[in-house]
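One structure below.
Just so it is clear, A, B, C and D label the chains in written order, and each chain counts residues from 1 on its own.
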């Protein structure tokens, strides 16, 4: 199958190239980058030298839709929507990694991101979290890959919401490696500012991923869910580690809590419920499409503590996007994705 | 004033040497280390070469009490108590940095640490958090320096408990640099295991610092307080970053919340309430005795979010111990402690 | 083909598991670990959970030789030799990753490592650097995988020695991530000691990899070569970055120097000669079997400066070992090894 | 004494504020920053909140020269010269931390940096390496603080050049933390690009610090010295670790080599010659004005290996600048500078 990556020189785009290179059913036919158009991929990114012959090109959606059966779009929000619209019009299947098609509520989109670039398509993509929406993604031709933080919150939390076991207001403290911000030139992302450092940001409810989490959590709960979300920047490249504190609505033992996760994920290839006593760690998922989860009941407060770890560029972005493509095509869901994490 | 550091070759001991070197009222007369007895400090720790002439000696409490007016004890819990007892018997003032004298409830000590090594002295030390117990520390001759995590939780939280503004059950997610574990030879602390990694530990209520937090929080609240505490290990050396989620008992705006912290800490030299919109960062307190705090009310859940950052070896241990000594002696509380953080 | 990894719980052993998992011609039939015998691989190393069903076993060479066609041995030097001997006796092909069979000169071995554990086999393995000894490795059934530092020195240097272009005495400054030391419990490898730090070690000629470099460099030069080698420990997990300073014996321009490397490596899949002006970086080879090299002539001294970067656990150990297996079996040399580096 | 820091919001400027805060003979009267003019120092840099009352101002040399007896200038090269000229004209003593006044040869300046901004003053500053030029700095009113790399090369190397013990062409491999590049917005300095990474740059002789090293080395040698210099960027904030390879002109034992350093630096407060067998480490000098050095003779090549470690922002910049001010004023040379390194 012929595939193109639009916005291929950013971190999620490069990660798609890395993953697709080893995907046995995919042929990469185009990689676009406005800034690097005309340069070979291997010359612009020496890590890829000797592995592929592509030359970056400027994005021309009509031509891409012509040459590729499916396109991954890795553009900033707002910029993504019109490109996606053009690709869809040209007949290409699309997995969009921007925030433009993740939400269902246009007001929530407008509040978080401003005007939408393709309002006709808004709400038309399947939300690409296969563990929650597999049936909707299977066979679809337009999927919105979830945000990295939402994936790390929804995977451990939704089973409890679905079973009505916890109050619909939770506290979340999350930490992300800096690749989540992309290759953005800002002082905050300089090594000299960020190394040996940890800082919270967007505290108080302002992070743009919150409406996405709340919307999907609400779908699982069958009612409104409120999330107090405190994200932090970590002095490392890849990984999200998330803690969710929830209050059980009735008696809930640690064994009960673990059983909820095990029921939900026993058959899932990419969600690993850790053995009792183990806690998720970023190292154990580095470079892989796994999300490791754990549930513990705090003995002092009775609160439920949920922990999750994933690689924000893989299960939090490009790996999950490929998992969606596999489903869309009816291929084995794990195709190209069962790589072992890079440990140590 | 003549001062000795007992257990001076561990991280908190070395940090005391670093701080005391610049303290204008203190003369360092002894530094003990069983492992390094007989070696000069500068030869064992090249960072200190050229700065002091001390030779490590084995700990002989009677001799130390003879030669020093005050002793800092930096020994593991259980091992500390008998040494402290002997030093006190010899007439030395003591600031103990172990966990042996922080608690008031012997049952809580026994449950967390086992048998106590000097039961007669249990409960006799002032709890060395000057911002909470200044009057008790001033003029005291026996002080227990608080744990690093408790300091980071109690400083932002107790003002709200004291004013009866929040429910007495809170969620805490905290992250510490690895120096908090001391120079311990365990696989978990190897750079190859820990770099680029973040992992929670002691989840569910088992961390030994929790009884200390709950006891002190309870004193502030005038009643029982329960804390769900989730600590993480960070891939860096120094610093604790803590998030406290609490539920207000009545209407509480962000401005109200900040005012509570400002009332509590306006006159405090080492607790900096950040301006609105700013969040504490480890870099801004590195190597210093500051604890930076912030309060935000989450717009979605109404929960109060408290953030704190401190250097676990300074305000979380050795700097705070020196702050206590200053109070014990009636010296200016900031003596030797107003160093600028190491930024960048 | 059935393959076993002996000493599979150390870093090079785990890296072999990671690589062999994606190798299409290999079936992993056994992984040994004395310490973890009886535990499943996925339980002992959560990163591998869900990816393989092996249970660690204690090493029994006779049984392993029976069940596996080829064995990778990842044991400490001295311990490796008798195991290798038993595996060979049992008829298994062996790629040994220890230092026991890399040297040809028994006196050099004795001086660096002490008594040899299988003197009859000494000198009988092919030296597993395919770019230098491909013909000898192809079809062999016993190969010694090179050391990580020697690989990083020999790949850029030997083309110049072979052509007689430089003096046979060179200066080498090299830097390695800490995974090169294995999962060794020593204070020097704790994150709190090593983070933000760089230190040279074994300065003056004492590093055990030097005889190996000098022996192989001598073979290329057709005469004795002397190497002043200064290794450093870097505060990161993976990667070796090496600088070689050599004095040309005659006029040598930068273009000449680059041409020497290009002639040597034009057809090599894993040695990438960078374009003029680019320098090797650890990030560009992370997790991959590439060694990136560059040659520059210093305009002030006329010295030749050679730079190399590789991942010490892949091209410096386990990836190179698999490259050797591919050659031994007559498979495509790149089988299982053309993974893209993990960037960022 | 009243002192101003011009360009105080860059890394060397901030480091001067940190150091001067604890200097007992200095009163900080002004700190300039074009970008942050009008903001209080503590608000712009939270690490300094509560420690000083200064407000950043735009640089007005005439006014500064009026209010301050001495000025530190921390501006980019070329921009610095006219400001220095105006400050000197106004009567202020100046320690300039830019490259504008380090060289003696105008052609070398032009080749490395382009047109000079104050040619009348070129060559008029004392070169501020006290260990080499103490007499010239003492009592001076215009000093150029050396570059960070040159300091790390000249301190270990010049004693051997002065005694005529080594060939006047040496190989230098050096590594610097990223703060050496300042707070510069470039992709190369993003944590996501630089973490876990090491790369050489300016290979071949093009680094701007080379003419400075060669000029000063030549003064020590009494003749031309050529340096092949290969700098690397390290994934950490502070520190330079340098290796110099030199060829002895006659027999030179390791003991001889160490004796050369000991003779040169026995009385120096900030250069520590390490005991035999020890190697300099960045951690041991972090945040301090020390430069640790070691000399070893390589047993295989007979080459002399010199190692040095320093903190690029202290002994490599701002600390050394204050050491110069102390000399200029006839104060004790160590005033304000005998801080213990931040270990761990």
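Everything that follows uses one rule, which is that a residue touches a chain if its C-beta (ideal position, glycine included) is under 8 Å from a C-beta of that chain, and two chains touch if they have at least 3 such contacts.
Since the model is a prediction, treat every value here as computed from it, not as a measurement.
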Inquiry  = Please identify the chain with the largest separation between its CA centroid and the CA centroid of subunit B.
reply    = C
Request  = Between B-D and C-D, flag the pair that has more C-beta pairs in contact.
outcome  = C-D
Task = Compute the distance, rounded to whole Å, between the mean C-alpha positions of subunit B and subunit D.
result = 36
Centre distance in Å when subunit C and subunit D are each reduced to the mean of their C-alpha atoms = 38
Task = Mark out which residues of subunit A touch at least two other chains, giving numbers and ranges.
result = 11, 177, 179, 183, 192-193, 195-196, 235-238, 281, 283, 286, 344
Residues of subunit C defined as touching subunit B within the complex = 11, 177-179, 181, 183-187, 189-196, 235-237
Note = In the complex, subunit D touches subunit B at residues 11, 14, 17-18, 21-22, 43, 45-51, 179, 183, 195-196, 237-238, 269, 272, 274-275, 278, 281, 283-288, 290, 292, 338-344
Ask   = Within the complex, which stretch of subunit C touches subunit D?
value = 169-171, 173, 175, 177, 192-193, 195-201, 203-206, 210, 214, 226-230, 232, 234-239, 241, 243, 245, 254, 279-283, 286, 294, 296-301, 303, 305, 307, 309, 344
